[in-house]
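Structures given as structure tokens follow.
Below, chain A partners chain B and then partners chain C, in two separate complexes.
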Partner chain A sequence: MITAFVAVIMIVAYFVPKPEVSVIRDDLQQWFLIVVTFTMVLGLLNLLFVSLHKARKGRKEDRFYNWVTIVSLLGTMAAGFLKGGINSPAFDFIFNYIYIPLSATIFSLLAFYVASASFRAFRAKSVMATILLITAFIVMMGRVPLGDWVTGWAQGTSLDFLYLPNITNWIMEVMNMAGQRAVLMGAALGLIATGIKIILGIERSYLGGE
Partner chain B sequence: MKRLLFTVILISAAFFSLSAQESEGTFTAEDVKYDSGGSVDLAWNLPGLEESQTLEIYRVFNGGEGKIIQSKDLSGRFSDRNLKLKGSYSYVLRVVNEDGTVAKEISAGPVIPGASLFSMKRAIVLAALIIIFYLITHYIRASRRGIEFPIRKIPALESVDEAIGRATEMGKPILFVPGIMDIDDVQTVAGIIILGEVASKTAAYDATLNVPVSRSMVMSTARETVKESYLKAGRPDAFHENMIHYLTDDQFGYVSGVDGIMAREKPAAIFMLGTFYAESLILAETGNSIGAIQIAGTAMPSQLPFFIAACDYTLIGEELYAASAYLSRQPHMLGALKGQDMAKLFIMIILIIGTILTLLFPPVGAWIINVFSNIG
Partner chain C sequence: MSFLEKLDRLDRRIIFLIIGVAVFVPLLFRVPIKVVQSPIVQDIYEGIQALPEGSIILLSFDYDPSTLAELQPMSEAVIKHCIQKKHKMVFIGLWPQGPKLAQGIMDEMAPRYNLQYGVDYVNLGYKTGGLVVISSLGSAISDPFPTDMNGTPLRELPIFNEVKTLRDFDYVVSMSAGDPGIKHWVMIAKDRFKVPVGGGVTAVSAPAFYAYYNSGQLEGLMGGLRGAAEYETLIDTPGTASYGMSAQNWAHLMIILFIIIGNSTMLILKRRKEKSRVR
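Right after this comes the complex of A and B.
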């Protein structure tokens, strides 16, 4: 009932621009944020207790990492409670010299993983796989200076269509975009259908119901 | 004769006065349509504005005035927003010379910014929603009357049993990653629904389930879902709350945590169903490196290629939302799926008609594009 009531208000607020309705919508969104903030404490305590349990009684190879989690969590909290709060020198140090480099390191793994995934995926095992390989090759060449160097002579001439960056742009803006839009449309319909099922109470398993 | 002469003089005077107005310029103020009532659109056109002159626009309200914009453009538009006080607003445009004297002054208004009861810009969205809602509820009612709707095989969902069975035989855990967004994202809800089905099977097969989450509310919701699944499977003793545990809200912190779980616990089956961003490939490649069977699903078009390249099975877009109907096979869920398919057919027909109209009748096409562009 609560789900349906709140959903109806949000839908009405989208179509009715009256300030009286917008105020109710904004209040509901604020309540959601307040509830989420309180549940963050729940998550924090869960992380602490689970890590403590695993650090004391878990597998030997896991204990070190759980102690690292606990020490990092409590250390960062302590730094945040110091004079200056999140602007204190200790907190700044942790953020700038530990958190940022670690995040950047994990993000940089993506470059290597893209290479390894591409190496596995782009193999000419079938007709479709060969087409995929050729398309990927053209797109990659069109995105690097090498593509411009190899086919730069065609730019601005009657053979402009052979200029690799132009071919790449066409593939990305026409073929790739068509596929993405098709996926998006299907996903949007699925989203609407799931929303309708939740509002009507047909889908209740996410609440622990049938 | 006198009457004719008088008429000619009158018409000429009107003509010259109009011409004078046109050469003086125009300044209009209009209430913005279909908004919450706090904005006024201003437009000016001053063909006679010299380079050395500046125009200033003042807002007049309750006897007081304040400058809101200064410009050297001959023509332009400006939206005066956040007008919170109720009442009538007037505007004065002044053309100011270099020495500060006012060369010209044009007034516009009064305008009372009002809120519309219904945003006509979004009427097309409402119409589409009503049609889709009708189609879905029609087929749900049809399914309740006993009409059966067949569903095509979705390989990713057919392999859920295989994945859980493999993990059970190998004695290794099953890892379920419900995405990195909160419970207000429908993809996360779809992932949690599938988690319920997976939990039923892990309860039946006595396999270990591990669900690290990125949001606390997702943790609470997932716990309820898994607990209910274990209760229905008759295995409440096998459920413990720490199956579903919180890691961190931070994107790459969460990825590091999940990768660590994969590297240390080496799950035999990994489910990644929900909203993912840049971390999708990191998760999928790590899972691939440990030899786990991976079933992924997301409606993010930018992440699908990574899942397809690195995972064994992928649910593409709407298949993620269809999973609950597919796995449960409940008649009303299949009916809703059929309604969704009919809505897709309706949209395809509209697309084809719109494309043909745009090609054959460009003004009609321009109108259609205008209607969909101004939804806002």
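Right after this comes the complex of A and C.
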């Protein structure tokens, strides 16, 4: 009932720009922001208790890592509560010299795994795999100056269609977009259908039921 | 074991080493590379360029340090462009780490370009809620953000004398690494409040946004380090992305070579096997 009421108000407010409706919408939005903020506290406590439990009763070899999580969590929080809040030198130090390098490092490892996978798994074993391979080949060349260096001679001539950055743009803006549009529209239709089911009370899994 | 068989079972550590060298050496020499402009990046540049001096731009930092290598150069380039054009900037973050990353850039740029906090730029900080935060900005900026990042009420910041709601911004730029991000800015800021939206995303997620660009919902888009390098070239200020492109260039070349070697060895070995079977 509450879900249906809120959903209908939000939909009506989107299409009816009247102050009487938008006042209710604004209030509901404020409620949402407050509730979501509390879910973050809930998440924080959940992480803390789960890690504490695992640190004491979990697998022996994993216990250390759970302590690392707890100490990092509490340490960062304590730094944020110091004078200056998230601008305090302690918080700045944790953010700039621990968090940023660690995060960037984990993501950067992707380059190594992509390279390894390209050698081992990216094989032309079927027609579809070959098409994918050729397309990836062109896009990879066209996205870096290498493509310009190799096919720069064709730019502005009658063989302009061979210029790799142009082919890359065409692949992205025509072939890729056609596929993406289909995915987006399919997802949007699915979202609308799910939304209607939730409003009508047919879909109740978000409440923990069947 | 023949040479080809050894090559086919190449130790992954050798691949890691080659990629490491291919990335590290160009970064060491810091050779900036000018890249060919694509219309999708040019459009966001021209959108900001065409705004009159003193326009107010909302920059949303919707990413965290894991995608910093790709998105931070874009943010720096757009901020430099705004400073060149004397636009005023308001920073927010739909991701918790975003505003701190914006602050990192401004701590360096504000003294260099003599920018005054509260007049030339403001950092509103992070607010959880994604789509609803954007929607709330449409009613009043002070609804989700009664104060800035430092706790100063908005009424005490001169920039907010002119800006009261999302509609009052001349342009929204979202640097986005996922959800919430640029898609939500398009849905609310552009579609509902008619504020132009442009931005930047990681290279892997860029293909998903071409449909928004083509439909006119997105003014322009920077995809990955290449997008950032294009923007740096457009504002004629080579930065991290232009230097990084050299490393990316070599890394791509190596990956292409790996694909060629991997497929060639596979085909040759397959043929040999078939021949030996026939015998």
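Here is the rule we go by: the second predicted complex is superposed on the first by the 201 of 210 C-alpha atoms of A that agree within 3 Å, B and C clash if a C-alpha of one lies under 4 Å from a C-alpha of the other, contacts with A are read in each partner's own complex, and residues count from 1 in each chain.
Definition applied: a residue touches a chain if its C-beta (ideal position, glycine included) is under 8 Å from a C-beta of that chain, and two chains touch if they have at least 3 such contacts.
Just so it is clear, the structure is predicted and the values come from calculations on it, not from any experiment.
Student: In the overlaid three-chain picture, which partner chain does A:Q30 touch, first (chain B) or second (chain C), both, or neither?
Tutor: Touch partner of A:Q30: chain C, not chain B.
Student: So, A:M1: does it touch chain B (first), chain C (second), both, or neither?
Tutor: In the superposition, A:M1 contacts neither chain B nor chain C.
Student: When the two structures are overlaid on chain A, which partner does A:S103 contact: first (chain B), second (chain C), both, or neither?
Tutor: A:S103: touches chain B and chain C.
Student: With both complexes overlaid on chain A, does A:S118 touch chain B (first), chain C (second), both or neither?
Tutor: Touch partners of A:S118: chain B and chain C.
Student: A:G186 in the overlay: touching chain B, chain C, both, or neither? Say first, second, both or neither.
Tutor: first
Student: Identify the partner contact of A:L42: answer first if only chain B is touched, second if only chain C is, both if each is, neither if none is.
Tutor: The first partner, chain B, only.
Student: Please indicate which partner A:V127 is in contact with in the superposed arrangement: first for chain B, second for chain C, both, or neither.
Tutor: A:V127 contacts neither chain B nor chain C.
Student: Residue overlap on chain A between the chain B contact set and the chain C contact set?
Tutor: Chain A residues touching both partners: 14, 22, 32, 36, 40, 103, 106-107, 114, 116, 118, 120, 180, 183-184.
Student: Considering the complex alone, what residue numbers of chain B touch chain A?
Tutor: My answer: residues 34-38, 115-119, 122, 125-126, 129, 132-133, 136-137, 140, 182, 184, 186-187, 189-190, 192-193, 196, 215-217, 219-221, 224-225, 227-228, 242, 245-250, 252-253, 255-256, 260, 264, 278, 281-282, 284-285, 299, 301-302, 304, 306, 308-310, 316-318, 320-322, 324, 332-333, 336-337, 339-340, 343-344, 347.
Student: Could you pull out which chain A residues touch chain B in their complex?
Tutor: 11, 14-19, 22, 32, 35-36, 39-44, 46-47, 50, 53, 59, 61-62, 65, 102-103, 106-107, 109-110, 113-114, 116-118, 120-121, 179-180, 183-187, 189-198, 200, 202-203, 205-209
Student: What residues on chain A touch chain C, complex-wise?
Tutor: Counting only chain A, the residues touching chain C are 14, 22, 25-26, 29-30, 32-33, 36-37, 40, 85-87, 95-96, 99-100, 103-104, 106-108, 111-112, 114-116, 118-120, 122-124, 133, 136-137, 140-141, 143-146, 148, 165, 169, 172-173, 176-177, 180-181, 183-184.
Student: Looking at the complex, which residues from chain C come into contact with chain A?
Tutor: On the chain C side, the touching residues are 10, 12, 15-16, 18-20, 23, 33-36, 38-40, 64-69, 97, 100, 103-104, 127-129, 132-133, 135-136, 139, 143-144, 149-151, 192, 203, 206-208, 210-211, 214, 224, 226, 245, 248-249, 251-256, 258-259, 261-263, 266.
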